[in-house]
Each structure stands twice: as C-alpha cells, then as structure tokens.
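Each of the next two complexes has chain A plus one other chain: chain B in the first, chain C in the second.
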Partner chain A sequence: MPRVVKKFDSRMIEPWAFVAPALIIVLIFYFLPMILTIYTSFTPLRNWNISRYAHQIVGWRNYQRLLHAILNDPSVRAVFLTTFVFVSVTLTVNVLGGLLLALLNFFLGKKSSSLINTIWLLPRMAPIAVYALVWYYFFHGSKMGTLNSLLLKIGVISQPISFGQEFLPLGPWSVIVFVNGLVGVSFGLIVLSSAINSIPSEYLIAARVDGATDWQICRRVLIPQIKWHLMYVTTWQLLSLLTSYAHTYLLVSWKLVNKTYASPWALYVYDLAFTGVFDQGLAAAAGTVLVIVGGFLGWFTLKILGFDKLMGQPRGDL
Partner chain B sequence: MLRVLVLLALLMSVVILAATLQDGIISVGQTLARNGVTEVRYSVWASGDPNSVIRVQGIVEAARRINKIWAEKGVNLKITVRETRYELDFTQMYQEFLSKQPLGTAGDFLVNSYVYIASLAEEGYLLDVSKYVAKYKEFTEDFYSSMLNAAKYKKGIYGLPQDTEARPLFIRKDIAKKIGFDLTDLDKKVAQGVFTWQDVYNWSKESVSKGASEWGLIHRRGSAHPDLMQFILAFSGTLYDPVDDKLVLNKEAVLKWLNIEWTFAREKLLPSDIMAWDWAKQVHPAIVSGKTLFDIGGTWYWTEWQTKSYYTDPKTGQARGLTPEEVEQWFYYTLFPAGEPGRSPVTLSQPFMWMINSKAGSQNPKYSVLKETYDELAFLIAAKACDPDINAIHSIISAHLPVGKSPAALLADKKWLDDLYEMKIDLDESVKKVLTDIVKATVHPINAKFLTDVAYMLEYTNFPPMHPMYPKLAAIFAEVVDYVLRGQMAPDKALDYIISKINADLDLKESVKIVEKALPSSSCPAL
Partner chain C sequence: MALKDVEVKKKMNQFLYTVVLLAFSLPIITGFSLLILSSFSNEMVTNFDFLKTFLTLQNWKLLFQGRIALTGGLRENILLYAFNTLIVALGVAVLTTFVGTISGYAISRMNFKGRKILLIMMLLLHALPGSVLIVGVYFLYRVSMPTNYQFIRYFSFFYVIIARAALEVPFSVWLMKGFFDMLPWEVEWSAIVDGASRWKVWYRIMLPLIKPGVVAVLIFGFLAGWQDIIYVRTFLIDKTLATFIESNLETEVAYMPLLAAAATFYLLPTVLFYVFSQQLLFKVYAGGIRR
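Take a look at the complex of A and B:
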C-alpha cells in the first residue's frame, strides 16, 4: 500500500496567523475575565479577600440571593426598568442621531461637516469626569445650574428645578439618556459618515440625473448602502450601553440624579462589588446575568439585522 | 500645691510609661539590629477633618522618638516613615485600605473609625494587638476604659485609641437673640430632657418666619452615619443588640426620625437637597455665616471653623477663618436634645483608632523570619504615637476629646499650652512645619475651655455598632433620608422601604433584628 504523504499546506496556517493576535486579545481580555466572573459567582468572595474565599464554593447561593433581591427589593426592580429604558432609548438616540448627523454631513459638504464633527466628538474626547462635571453643572438643581438659571432668566420657571431628582422616574431617566446619548452619537457619526463617503459616486450621480430628491437619495441609495454599518453600530452600541456606567456613576455619586432611577444593571453590579460590604461573589453573579443577557441580545440583534447575509458568499447577481 | 502634685503625678506616670515601653523598644531594636537590619520603613494612612493631621504626623513623631532611644542605646537601626497619606474622606480611605491590603500595598498604619474594625478584623486585615496590650499593661492603663473597649472585637483588640468626640447641637447666639430665644441654662434644660426636638422645631420655624435666618437647621451631608443616627437614640431606639450580636431596626424611633427630616424639609427649615451639599462650599459656609439657627455638628467644627476659610468677611469681602473669640461669641453648644418629652438627650462618639495592618512592615528585610518582631515594633510605634503630649496636641488643634487621663491633664496646663503655641516643644522639625499654622490658629484658652466644657457630653455618649453589616444598613438609611428630605418618599413609605431592603438581602436579613417599639419613656435614664 503506497504511503500517503500529507504535504504541508501553508494555506491552512495563514488564516490562523492573521486571526491569532485578535484571538489572543479576545481570549485574555474578554474570555478569561468572563470565565473568572462566572467562577467567582460560585464563591463567597467579599472584601477583596481572594486568599480566603476564592477556593470556597457555595454553589448557587449567590444566584439565590440575587433572585431573592430581584423578587423583593423595590430598588432592584427599578434597576431592571431603568436598564430597559436607558438602553433602548439611548440606543435609539445613538443610532438615529448618528445617522442623521452623517446624512447632514453628506449634504452640507466637507467644510461645514468637519466643524460639526469636531463639536460632536468633544464628548468623546473629554475625560469622563470633566464631561460629567459639565452636565452636573448644567442640570444642577439650584440657581447655580446653567439650565435653571436660563429658565429663570426667561421666566419659564419661578423656582429652580432639580431635574434629576424630581418627576420620578422620567426626570433622572431623561438626564442619563441625554448625557450618554450625546457620547454615543459621535460613534455612529464617524462610522456612518465613513460608510456614506465610501459609496461610489456613480450611484449618486445616476440618482441625481434621474431626478431623485434628497429624501429619495437618502431612502433609496444611502441608507440601503450602509445597512451593514448600521447593524454594526446598533449591535456595538447596544452591548456598550448594557455594560456602561461611568458617566452615570459620577452623576449618581454627586447626587445629581435619583439613585434608584438612574442606576442601570452595570452600575448595580459595581455597587455590589465596590461599596457597602464589597460583596464580590454576589456582584459576579449579577455580572454573569449581564453577560448572558448581553450575549443573547447581541445574537438576537445580529439575527434580526441579517448578519448571516453579510457573512454569506455573494450571489454574484449584482 | 494641687497643681504641682498633678504635674508630679503626670511626670511620674510618663516616666513609668516610658520605662516600660522603652524596654520593649530597645529589645525589639536590638533583635532587628542583630539580624542585620539597619533601616525599617513604614507607611501611614489616615483621614478626617483638615486639622487632624496628627493622625499621620503622630507616627512620624513616634518614629523620631524611637530612633532617639535607639541612638542613645547604641542600636544601629532607624525607622523611616516612607509614606504619609492624609485624606478627608474616611470611608474612601477605608475602602482603599480594604482593596489594597490583600495585595500588600496598603498603609502599614491606618487611622480610621473604630466601626471599620469589625470588617477589617473579620477578614484578618488587622493585627490583633491583645498580647502586646497585656505585655505593656501599664501603658494601656492611662486610656479611659471605654476607649480601649471600643477597640475590642470578638476576642481580640485591633487598635489603640487615637481620639474621640461628641456631637453637639450648635446654636447661633446672635440669631437666638434676634428671635428672643433665651439660651440661659439651655444645656441644663437639654440634659434634663425638658428642651426637646419639638422645641428645636418651634424655634427653627420662628427664626425662618421672622427672617432671622435662612434655615432653621443644617446637618451633615452624604451619609446618615454617624451624626443622624443620634435621632434613633434620642427617641430611645437602639442600633445594636449585643446579646444576639445583631443590628437593630427600631421602627418607632426610625419613623420619628424620618418624620423630623420630612417636616423640617417640607417647611423649608432644612434644605431638601442637603445630602448633596458640599462640606467646604455649602455646609460650613452656611453655618459660619449665620444662615442657620441650629446645626448638628461635631466638636471638631470648633477649630475647623478657625483654620479653614469658610467665612466671607462682609467688611473685606475676603474668605477667612473665624477667630476663637468669634466662634465663642457666635456659637452656643449643647447635647443632642431628646426626641420628645420623656426621652433623654444623647451624643454619639466614633473613636478613631491607630490600627495596624496585619502585614505591617512586610516590605522590610527578612520579614518572614522576623514577622513577630516587626509586629511588635509596629505596636510600639503606635503606642509611642499615643504619648500624652501627642494626643493632647491633637485634641487642642482639632477639638477632639483626649482618650486618656494624662493628655487631659496636659490640656489643663496653661504653661504647656503656651509652650505649644510658641512651638517650644520637642517635636520633629517636619512635624512642626506641618503643625505651625494650625497651632497658631487654634491653641487658645478659649479652645481649651471648649474641650473642658464639652467633656461632660461623654457621659451621654453612645457608640455606633461595630458589626460587619453595619455599613450596609447605614447606606440604606442614607439613601432613605435623601428621599425623605426631597419629598420623594413619605416617612411611613420610607420605613417600609428600609424594611423591604433589609428583607431583600438575605445576609442583611440574618443580621438585623426588626423591633416595633422604642424603650418606653419611663425607662429612659437621666430624667
């Protein structure tokens, strides 16, 4: 029987070589922390005492405590509601705002758009604490607050309003959506502007020649051409919002907004882990729930927005 | 004659004290030197009000005194304090210590509230000094027994007393005069339970309605612990049951407390957003500039107002500290009044402790072999930082109360106070440099008299519970007080909310006993 000698095929290795750096990063910075979080959720870890608690396994105890809190703690139920409102409304603001600005950029031309881009990028360029401080003073519930002093001056109100502490829950929700929404818009703006700029000009010239209005160009040419980018922005922002808490944390700490109705799930996890009794086992359980929900929503969004079609072989009929 | 005798007794006690500690210091030094150690490095972390810098400088000074003893005895060894961190927020400092201790990067000494001993000792983050306390028994005899008891947790002792305080109710004398509020013998009326929170409310209303002050009452910001817990005690509630080792939620007392917050805020006698106020920009300036009749404060306010520029002088328009004369002229002080007739007045103390990291000195040579010796040295440094003069300096400059008999005696010695004012005292130059400005602003007979005058309040004092779950319960109270003040939750709803939060947390539920009624009025002492 002749021996079959398998020839070394470099083509088998090449794709892995390209993917390897990204894979390693994902493994170390995403996968490993996730595994550690899940593991920690089965331990009684608290007060950073890893050497004492990390090897003790308490089974589902932290999940039972979490479920008990969800069922009985009114502020944890508010956290659920806040997370839903915060993520869905801010996501809408981020994606539609980004799209609107990208389209505005396209129609205004390069000169005006670079100025607009810079302004919208400011929230992303500013350090988180500085950015949060700006809005702290803007929404401050005294005469010192910019918005209050403005409204008082033009006679719309006679007494200062504590926007983040009154009109529960709409007041605090509006403030956190506004502050986080502005940061996210710039992300959509950059991605979608680049996507629009990469559309071959022939399509647009043809549309203009055929007498298409600006609205028709938007609807029939631009938006269909950037649908994959829109999908990317939506999915990315959804997952970011689910796990983001930095700005909100500062606004809650400074008591600009009502804690119960301004704490999304990610901030609740942070609070469990790093305040009070530093209950890191319970926080890990809450974090694991967030990972599962995030994973499911990510998968669901990609499914709805047709990620399979993007990754599939082109049909060749275009 | 009596004064001479007191001074002689003090001198003798210092000699005895020094001899005992000195033997330990020499012996430990010789052990380390024999093992080839020539330098020992330590760090100290502390926190509190701006004038309480002795909480770090005390360790620097103690190190110098020990170095001096070693030099005199020919021991080739010296202590260097490699890091001195002093910050205002003691909760944040505790949290940082908690997170860095397991990594071995936290301070070797921590000066913080005794309430944190429970969680830190529970995790093994603090050195149990009970065997050293037994070994150097004479040294510890100078402390008031209640102070040393406060450092005890379960079967160990996890700190040495650094200071204590009372939390008086301050009253602006000038505003009181404007509205005809007679302060003569008010402290006696408060002590007898005749003047209660009902009267505080009535006079607050009078003051605000007559335009004598913008507010009737100002209290702390941010947290309910420790100041606001006095309300629970003033309504004869308790915070801790030592028999069951459980925290206590006394429904009647808490509801009455929240009713006060609600009523004052709704009637605009107390700012509804005070929990979000800034200490330096809003709370203290409002008090010193006469915007409130009453203020729930602490003894340390007395000198803090003198060293920090909270007051804007109407003549110059410049911010400055008050003079001791102004503070005395403007502020009356008394115990925290009884919640209602038939109850007792209270105050609350939260002694600060010199705590020692269980890994203290771990960055020094041969630590694993010489751990016992390093532990003892750390104790001796903390013990030396308790020297009567160091404690007395802290008391006079920060208006905290002394923790022992000897420092209390020094505070009554005019010559010593004069020498301190002139800085003619034996202190490290770097310590003198830090203290000079504070000393010049605060070492004054008026301030010494204040400390003597408020000392009686300790007879009425209570200590917040030393329980690992207490921070969690206190955080719920803080959240709820903010909601009640802002009008987001009525007191009865707020009480339900507290109970539901306790029951929703299985660990907390196991640690808290919910009781309906406060102690009946008739069982209240001192009435």
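Take a look at the complex of A and C:
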C-alpha cells in the first residue's frame, strides 16, 4: 500500500512543522534569555555596556556580592523580608478571598453573579497603569486621597497620613498586599466558580432535600469537590506572586509606597537592571536565583497537581 | 415533588449574599468610579468633595488637543500613543493566536515523539512567567538591534510585540489544546481518509469549528498587549498610553483630572471588549485546567 507508506513518512515531520512556531518562540524568548541571564550573572555587566563588559568573566563574584548584600545591607534584607511577607500574605488573601467570593457567588441568581464577576474581573483586565492610578489616588498621602478624606471626615485622624511611606514596614506592605490581592482574588474567583458550576446539580438537590443549609452545602459538598482546584489556585498564584511585579513597580515609581519595603524580589531584579543602579551583573545573579526557585516550585507544582494525567495521548490519532 | 421544585439557591439568602458581596466590592467600585468621574470634573473628586467641583468636558478636550497642562506649551500627541498601544496589542493578539492555534492543534491531536516533553515544557513555562527572564530578553534586544538608527524605532515595535507575545504563548497553546481536545474525531478521520493533509484538516475543518476559541484567544492576547507596561517601557522607544500615564504622574506640572481622562480613555477598549465577550473571556481565564 504505497499511500500508507507515504503518509507514514510525512507523519514524522508534520507534527514538528505544526509545533515549530511555538518551539521557535520558546527557544528564542525563554531558553536563549535564560542562558543569557545565567551568562550575564558571571560578567561585570553594568549600564548595558555590552561591548565593554560582556566579554569579561568574573566567576561567582556577583553571587558573592548578592549574598554579602543579603547578610549585611539592611535594604536588601528588607527586600528579602518583603518578598516573604508579600507572597505569603497576598497568597492567603487571594485563595481565601477567591474561595469566599466563589462560594457566595454560587448561591446568587444569574444576574447578580455576573455583576459580581464583572466587578472583580476589572482589576485583572484593566490596563496596569489605570489600575495602579486608581489605587494611587485611593491611598494618596494628602487630603486628595480617598482613604484619607474618609478617615478625616469621620474624625479618626486629624492629619492626612501617607499610608505607603509611614508606619514602616506595615504601611507599604499593607498597600501592596491590598493592590495585588485584589488582582489575584479574581483568579481564584474565576477558577473556583467554574469548578463549582461543573459539580453535578444532583448532589446539591440531594443535599437540599435532606435539609442542608447553605453553610453545610459549602462545607460538605462544594469544598470537597473543588479541592484539586483550590490546590491549583494556591500553587499557581504562589508562582505568579513570586515572579510578577508590574503593579508594584508603578506604585514604587510614583512614590506612593516606600521603595525599600515595597520591593519584592522580582521588582528588585528589575530595579537593579533597568531603573536603579543599572548593575546588570548583580541583577542577573538575583534573577537566576529567582528562576531556580521558581522553576523548582513550578516543577513541584506540576508534580503535586498530578498534571501527568492531563498529558494523555490523543486517543483518535490515526 | 419534581427536582426542579427543590430550591438549591434560596431566594431569601440571595439578597443577603448580594449585599455582602457588593460591600466587599465597594473599594473597587469606588476607586474606578471616582477616577472616571474625575475625568469629567475640574478637580479630582477622589476626596468626595463634589460640592467644590463642577462637571466639564475640558479635560477630554485638552487631552485630544494634546495639551497636558492648563497653561504652558507642553504638547503630547495622545492619539499617536493610543495608536502605538493599539499596534502592540494587535500584534500580540495575532501572534499569540497564530502560534496557539497552529501548535495547539498538533499537541492536541497528533501523536509524536517529544509531544509529552513539549506539553510539560509549555505548562512549566506557563507556570513560571517569562518576565523573570527580562534581563536576558533585554540582552538579546541589545545585541540584535540594527545599527541603522532609523530602523531601531520599527525594530523596537517588532521586538516588543514578539517578546510580549512570548509571555502568553505557553498559555495560548495550552488553551487552544483544550479547545481542540473537545472536537470529535470523526470529522477529522473522514477528511484524512478522503486524502486531505493535516494542514488542510487544520485550516479547513478544525479552525472553523473552534471559532469561539480563536476569538477568545484573540481578545485575551489583545488585552494582554493593551494593558502591558513593563515590556513597553523597557523595549519600546515610542510612548504608549501606559508610559504616558507613568511618566506624567511623576512630573510636577501634571494636571490630575487630565490624567484621569487619559486613564479613562485607556480603560475604554477593555471595558468594551469585556461587555461584548464576558462569557467567552470567563472561559478563557478559567481555561486550561480541566480535570
């Protein structure tokens, strides 16, 4: 059968022609930059003067400087502490907030629930600059700030407070947790809502017939059914909090929050390379550490979520 | 008693839950409304002092005239910035959709050596956002930059689009794989038996069947490109709406209500897209996690 033989040949190459676009993008924009980042971390590159510095190799010096800074420089230690507090607190807010909203939303009628979804998706969809601007005015340290004006009106304070610059470190921490927390909550809300909605309604009807209250339905029916999704949201959100910094970047650059106590690790890397001292060697070393931590967490995430099961072979391929 | 008669969602509690949820949403509603309202006002109304202000279209007028302050000759071409933002957004949308639909098809419906490694790789890269590699991405940008000064501007557009799209590619591939997974095999088999190549099957049969998926990824990619600030400010030489707002808030001369108008203008397409494709977008954001 000549046709089958011909098909067999083309079938060896054809899939790779299809995946080529994704493969090329991944090679050029993930693997190459990863190698370049690791390489840069062994050079004294600064001010992006590639022709001058990129050929020199300084061994582990950038890593030694990083370690030295973590141990001795209070501002870098603050970055370390901020990362830990920011990631853990925001993660808790994200997961619990998302779960609470998803559960409450489940009991609503279609119209109200889609209204709530619309409101909560806004932080995620809005342009980052607009979203940051909203909170810039909200937490602004003058009478113009929304929170200040409210507190002044009800007489809790007599002078406007600069929430992000005073009360170190709790002030700036609260602001960045709040701002990033709202973005993350929508992720939990969406994922958990869709999980809850795919639970067969027979379970719920049976529970209701037996006289279960809303609370009991949540505890005994809904939450046990979405355990896997809760884990998914938690681990995914952990990774994204560790590695994203766009919102916080704007709040810091607009001086709404104290730079030292509002810079998580990822922002510290960006700041070192692009806005602060332009020390790309050190930034690359800090970035490499983040990639290693993130990569390990990512791999671990896939393991515990059992993603192997999702990789089943295409059943119908001839 | 018919099953329909069982009240799974109790009417009485619904009201209470709605009130609770709206109370939680209050900061978001307040923040965005005050910003939008301020754009139509002669002063920022973020402090609720509505009595001292009056409604005006002045900010919007000034914005489109390109004057960023009430006095002085500072000129900014806001429409050009909007156009730049649009180019980046459209570029990212088209590229992510193209890569997602073409590679997602192979990963979903073809069995080949290396498929599993590819899938794990996509998931891992999706889990670990590429933005942590920005030092390396910028290094590449600098060494691949053309020497001709005139080309650098175009090159920066080209580069920011691909680099930003690359961030969304693992997700879009994964998402489109999900859409392709749902299609029945019979159509594909019969086309192949009739002698169609996989390319033809993909283009003629599969793509029309997953139109909603394609639209969803297009919108998703567009919004990702439209909202971006970090990549745009790092790689793009020209200004976009995001960098316009970023740089103007830092200057002392900034006329705040005008910035509020710029922000509202910048927010508009997002809201429009959302209104028209809410259900679809919801699916996308929840996508890729079926189990």
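To be clear about the criterion, the second predicted complex is superposed on the first by the 255 of 318 C-alpha atoms of A that agree within 3 Å, B and C clash if a C-alpha of one lies under 4 Å from a C-alpha of the other, contacts with A are read in each partner's own complex, and residues count from 1 in each chain.
Convention: a residue touches a chain if its C-beta (ideal position, glycine included) is under 8 Å from a C-beta of that chain, and two chains touch if they have at least 3 such contacts.
Predicted, not measured: the structure shown is a model, and the values here were computed from it.
Visitor: With both complexes overlaid on chain A, does A:Ile223 touch chain B (first), chain C (second), both or neither?
Guide: Once the two structures are laid over each other on A, A:Ile223 reaches no partner at all.
Visitor: Once the structures are superposed on A, label A:Ile50 by its partner contacts, choosing first (chain B), second (chain C), both or neither.
Guide: A:Ile50 contacts both chain B and chain C.
Visitor: With the two structures laid over each other on chain A, which partner does A:Leu32 touch: chain B (first), chain C (second), both, or neither?
Guide: So A:Leu32 only meets chain C here.
Visitor: Go through the superposed model and pick first if A:Trp254 touches only chain B, second if only chain C, both, or neither.
Guide: both
Visitor: Touch test for A:Val277: chain B only (first), chain C only (second), both, or neither?
Guide: first
Visitor: Figure out whether A:Arg65 sits in contact with chain B (first) or chain C (second), or with both, or with neither.
Guide: first
Visitor: Would you check which partner chain A:Ala212 touches, where first means chain B only, second means chain C only, and both and neither mean what they say?
Guide: Touch partners of A:Ala212: none, neither chain B nor chain C.
Visitor: Who touches more of chain A, chain B or chain C?
Guide: Counting residues of chain A touched by each partner, the higher count goes to C.
Visitor: Name the contact category of A:Val134: first (chain B only), second (chain C only), both, or neither.
Guide: It touches chain C, and chain B stays clear.
Visitor: Which partner does A:Tyr232 contact after superposing on A: first (chain B), second (chain C), both, neither?
Guide: In the superposition, A:Tyr232 contacts chain C only.
Visitor: Report, in rising order, the residues of chain A that make contact with chain B in one complex and with chain C in the other.
Guide: Chain A residues touching both partners: 48, 50, 254, 274.
Visitor: Within the complex, which stretch of chain A touches chain B?
Guide: 47-52, 64-65, 68-69, 71-76, 141-142, 162, 165-166, 168, 254-256, 258-260, 274-279
Visitor: Any idea which chain C residues touch chain A in the complex?
Guide: By the definition above, chain C touches chain A via 3, 6-10, 13-14, 17-18, 20-22, 24-25, 27-32, 34-35, 38, 44, 46-49, 98-100, 102-103, 105-112, 115-116, 118-125, 127-140, 142-143, 162-163, 165-166, 169-170, 173, 185, 188-189, 192, 197-198, 202, 223, 226-230, 234, 241-242, 245-246, 249-250, 256, 259-260, 263-264, 266-267, 270, 274, 278, 281-283, 285-286, 289-291.
Visitor: Which residues of chain A touch chain C once you look at their complex with the stated criterion?
Guide: 10-12, 14-16, 18-23, 25-26, 28-30, 32-37, 40, 48, 50, 101, 104-109, 112, 114, 116-130, 133-138, 140, 143-146, 148-150, 153, 182, 186-187, 190-191, 193-194, 201, 204-205, 208-209, 214, 228-229, 232, 236, 239-240, 243-246, 249-250, 253-254, 266, 269-270, 273-274, 280, 283-284, 287, 290-291, 294-295, 297-299, 301-302, 307, 309-311, 313-318
Visitor: Which stretch or stretches of chain B touch chain A in the complex?
Guide: Residues in contact with chain A: 95, 98-99, 101-102, 119, 122-125, 273, 275-276, 468-469, 471-472, 475, 479, 482, 486, 488, 497, 500-501, 503-507.
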